[in-house]
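These are the structures, in structure tokens.
What follows is subunit A paired twice: with subunit B in the first complex and subunit C in the second.
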Partner chain A sequence: MSTASIVVAVTAFVLGALLALLTIPVLVWLERRIASLVQDRLGPNRTNVFGFRLGGVVQSFADVVKLLLKEEYYPSHIKKGRWLFMLAPVITFAAALLAFMAIPFADTLHIDGEALRVQALPIDYGVLWYLAIGAIGVLGVIFGGWMSHNKYALLGATRAGSMVISYELPLGLSIVSFIVTYNTMDFNAMVQWQSGTFFGFLPAWGIFVQPLAAIILIISLFAETNRNPFTVAEGESEIVAGYMTEHTAMKFAMYFMGEYVAMNTASAVIITVIFGGYQVPWVSTEMMLAHFSGFALSLMIAIPVIVFLLIRWMRKNNTVRPTVSTDSGRNFETKVLSIALIGMTLLIEAILLYLAFFANSPLGESISVMLFQIVVFVVKLMAFNIFFILIRWTVPRFRYDQVQHLGWYYLLPLALLNLFVTALVVVGVNS
Partner chain B sequence: MLEISIFAILALFMLGGSITMIVNKQPVFSAFGFLVTMIGLAGMFALLNSQFLAIAQIMVSVGAVVVLSMLTILTVNAKEENLPKEPHKFKWILFSSIVVAPFTLLVYKTLSILPAHFSDIGTINSKVVGELLFTDWVLPFEILSILLLSAMLGAIVIGRDSKKKKKKSQKRRRL
Partner chain C sequence: MNQNNITVIPRHGDNFKDKLFLPAIYDGVKVTFKHLFENVTDINAVDTLEYPEEQPTDITSRYRGLHRLTHRPDDSIACVACFMCATACPSDCIFIEATERDDDKDEKMPKSFFIDTLECVFCGYCVEACPCDAIRMDTGIFSLTGNSREDFVMDKEQLLSHKGAFGEEVSCARD
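And now, the complex of A and B:
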């Protein structure tokens, strides 16, 4: 174990934990703001700390404080097994958090001939890890629903369990067809496979190579994470809040946060398996490292443009109507954020300039490429999370029998057929 | 030292889980004990540096067995007073553990004199397992799948028959 490997391992682990945990408030905020966007209103944007409202993200922290300070309430009819009732949300949350750890955030770093994975949990069986740990998550839902001793909770738990069983099959089969195509079970190797081109002009992403399996994967992951249009386990109009009817305060918050972490993990799996992970289309890691000065120059041009557009958008939108007398610190916030953004841009420009033209250090170059890939990963992750949220607020919920019908009658046969055709094509190409 | 302490913690979890599973009257707590045992077993495999086996263990035992048994418990939804009474449970547990003890010793002795290449786990990964399953061990693999299929068919047949019997018994009761 060299120092570099320890540093990279610790950094990757911290990055994984932060990406999973710090996205929760951002996702809650995005959920509310996008719901408002769809429903033509503004959403939460007033809560602030010293005038900083950051578009309303601060509201999520206020919510956390509220949930922490709420009274812990236990239903009095739960006599035996209160500990399991309390443990159930923790199982769901922990499983969702652990499943995220197998996702690679950047390509393998090569330092002094040592290959270091930028992955919180550097294992070769990332896909299997996700499937295995993802199955534990539903156990928390089932235990919680059973321990509530409540009809609605029992119905919700049964629905969640049977839905997971019926959608695990198409999910597993579609992932198997990806494994057959990429010839690996390792997430990182999957992303590397997708760096080439397909038919000469398309990026070789899973969605172009395996369109049917990609669609099945996305649908079954929506069902696995209990998101709309598959929220039958907590269908408010039918069974109150489903499995979490009796859970209050922080116990409810655990389920709530577990749902967002699971959604984040599902987005990460989707972009890793079918949208090229941390990679920019048409550009592989080796290409970026080989033409580092060109890469640095294009970044140096792109970053100021993006920051300029962002600042202009902020100046336009972070204001109040001219008829309102006080803007309660919005101008001040815009000014501070603009200065911070410009300062960061200047710093990044200086570092890139130094690395590209004055220093000749492969270490610095590979680290900057790694950071760039992490940024690309986060951008893709957020884009897919927004897709998840948009679907929730635009598509109505399926009825329970429709969900089962879709899973068993359409997705399962299609996934089987796709696997069969994939195997035939792969054998035909390789022989 | 670290390995031994991790082993001890996992073993404690496994022992506690399996005792919970046997002793408890409520099937939910038994299922939870089984879950803890299986995760502890997966941890044991991971401690032996056999990642594939550990993950497969979680996938099969937790993802399939525990979820399905929990689903059965949810569907049956037995009340506490309807659970079967077991007055001599602890006597039975003691008796059966005494009966099983020599066999455990036998298994231990057999496993400790296994040839060396059995314990060489460094080379076992999913590719090796897959190739072995479809070349050297293809016959046992197929026989196992037939066994599972027959179990499934048997379950379906039993489920159908009991329905008919129920109807008959209901008729008899009415008569």
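And now, the complex of A and C:
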């Protein structure tokens, strides 16, 4: 193994862990902020560190500290199997976290003839890994609900079990359609397949190539992450907190964070399989590398525009109404953040200028393309997470027998039909 | 029963479009996204009171705020310790001790006058019952804070020190 491969592997692993773990507080904050903005409220916007509130995202870190310092309480009626009671949230959390690791964040890096995957787990059977590990998550829910010896928890766990049998089959079958279409089980190869065009003008994204399978995949993944409209394993109005009724402090936080990691993972899978992953539409990695100076120039124009719009938005919205007596340091924060953003823009501009016109370094070029793709991936990931959150605050819940009805009577036959047609078309095209 | 009086409410959900769910979800997301987008692009248009920094401006003169004891035009207490308010009080939170009054204005005045605001239900019956316009709830004070239960028991001096928020300062029934 060369030094480069070790560096890339470690970087990709750190990146995967950070993307999965650091998005939790951001997602919790986004959920609360978007919920309130949708309902014409403000949401958490006050917590700050030395006047830096970053829109209120600091609140999530305060929440983590609070949950860590809570009393560790164990229900006394749990006699045997307390270890399983404690292990259950960890299973859910770890499964969601591990499933995320198979997602590619950028195209394969070619350094000195070595092909290095930018994936936390450099495996080429990512789809299988995701399906296998992702399905374990529900075991934590079932164990936790069963070991709680509580009727609400048990009902929540049985409902989670009923969910599994309703969505796993359509999920698997829709993914099989994608495997047949892309002719691969490697997430990265799937993304590369989607870099072309479809009918000459559409980007060849899964959503355009396989619209029915894409919709089934999105619906099944909403069910898998236990989010609205499929929150059946918990429900304040009928079964309290469901399977996590008896879990307190960090045990509860593990379930809670696991839910958000699962949502993040589902978003990552959706954008990788049907929204072109880290690719910008119509532009493949090879094109960017071949015309690097053009790519750098367009970035050098786009970044200042984006930063300008961001600063303008911040100057308008990081303020308070004139009727409010104090702005609590928002002006100062805007100034510091603007200076930091402008400084970073200048730095990036300088680096791009150097790489595009003065240096002839293929390594630097491929690394900057990789960084660009990671940024695109994160932007798409966050956009889809916001879509997840928006759906939660839009639609009411299904009853759990309605979910089974939906899964078995509609999604499963549709997925089978879609698979059949896909197979026919693929065989017809290839023969 | 006349058949014409029966209104049949149209049932939804039987046609293909409703069973598909997706058009309805699209419509819903359109609404929520519109709200989200408008509020993200102009956060100060969100009609929310940023409470401690921003105080409400819509408290009307009929709002039942914290109680006060009014004065006469010569700044002496208007209350004659008739116990009407304490009798009318449904939560028994007014405690009055009467004493003789020696300035020839009236015969009695309260020696002590306590209102336990933790017991008070802010019904305003005391204000209605008072024959001397001596107790009012027009201070406009809606938030009351303290560190102990005793902080919430208002005594005569505190009640006299509250100012009316809507112009009428002195008692209209005593001169």
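Basically, the second predicted complex is superposed on the first by the 431 of 431 C-alpha atoms of A that agree within 3 Å, B and C clash if a C-alpha of one lies under 4 Å from a C-alpha of the other, contacts with A are read in each partner's own complex, and residues count from 1 in each chain.
The rule is simple: a residue touches a chain if its C-beta (ideal position, glycine included) is under 8 Å from a C-beta of that chain, and two chains touch if they have at least 3 such contacts.
Only a predicted model underlies this, so the values are computations on that prediction, with no experimental measurement involved.
K.L.:
Subunit A superposed: clash or fit between subunit B and subunit C?
P.N.:
On the superposed model, which is not a single observed complex, subunit B and subunit C fit side by side.
K.L.:
Is A:316 touching anything from subunit B or subunit C once the two structures are fitted on A? First, second, both or neither.
P.N.:
In the superposition, A:316 contacts subunit C only.
K.L.:
Quick check for you: in the superposed arrangement, does A:165 touch first (subunit B), second (subunit C), both or neither?
P.N.:
In the superposed model, A:165 contacts subunit B only, not subunit C.
K.L.:
Does the superposition put A:139 against subunit B (first), subunit C (second), both, or neither?
P.N.:
In the superposition, A:139 contacts subunit B only.
K.L.:
In this superposed model, does subunit C or subunit B come into contact with more residues of subunit A?
P.N.:
Per-residue touch count on subunit A favours B.
K.L.:
Quick one: is A:379 in contact with subunit B, with subunit C, with both, or with neither? Answer first, second, both or neither.
P.N.:
Touch status of A:379: no partner.
K.L.:
Quick one: is A:39 in contact with subunit B, with subunit C, with both, or with neither? Answer first, second, both or neither.
P.N.:
second
K.L.:
Thinking of the overlay built on chain A, is A:131 touched by subunit B (first), by subunit C (second), by both, or by neither?
P.N.:
After superposition on chain A, A:131 lies in contact with subunit B alone.
K.L.:
After superposition on the shared chain, which partner residues are touched by A:18: those of subunit B (first), subunit C (second), both, or neither?
P.N.:
A:18 sits against neither subunit B nor subunit C.
K.L.:
Would you check which partner chain A:340 touches, where first means subunit B only, second means subunit C only, and both and neither mean what they say?
P.N.:
neither
K.L.:
How far apart, in whole Å, are the nearest Cα atoms of subunit B and subunit C in the superposition?
P.N.:
Nearest C-alpha atoms of the two chains are 30 Å apart.
K.L.:
Which positions of subunit A sit in both the subunit B and the subunit C interface?
P.N.:
Comparing the two interfaces on subunit A, one with subunit B and one with subunit C, no residues are shared.
K.L.:
Along subunit C, where are the residues that touch subunit A in the complex?
P.N.:
Touching subunit A from subunit C are residues 22, 25, 28-29, 31-33, 35-36, 39-44, 46-48, 50, 53-54.
K.L.:
For the complex, give me every residue of subunit B touching subunit A.
P.N.:
26, 28-29, 32, 35, 51-52, 55-56, 58-59, 62-64, 66-68, 70-71, 73-75, 77, 125-126
K.L.:
Subunit B touches which residues of subunit A in the complex?
P.N.:
Subunit A reaches subunit B through residues 80-81, 84, 123-125, 128-129, 131-136, 138-139, 142-143, 145-147, 154, 157-158, 161-162, 164-165, 168, 185.
K.L.:
Hey, which residues of subunit A end up touching subunit C in the complex?
P.N.:
34, 37-42, 215, 313, 316-317, 319-321, 323-326, 328, 390-391, 393-395
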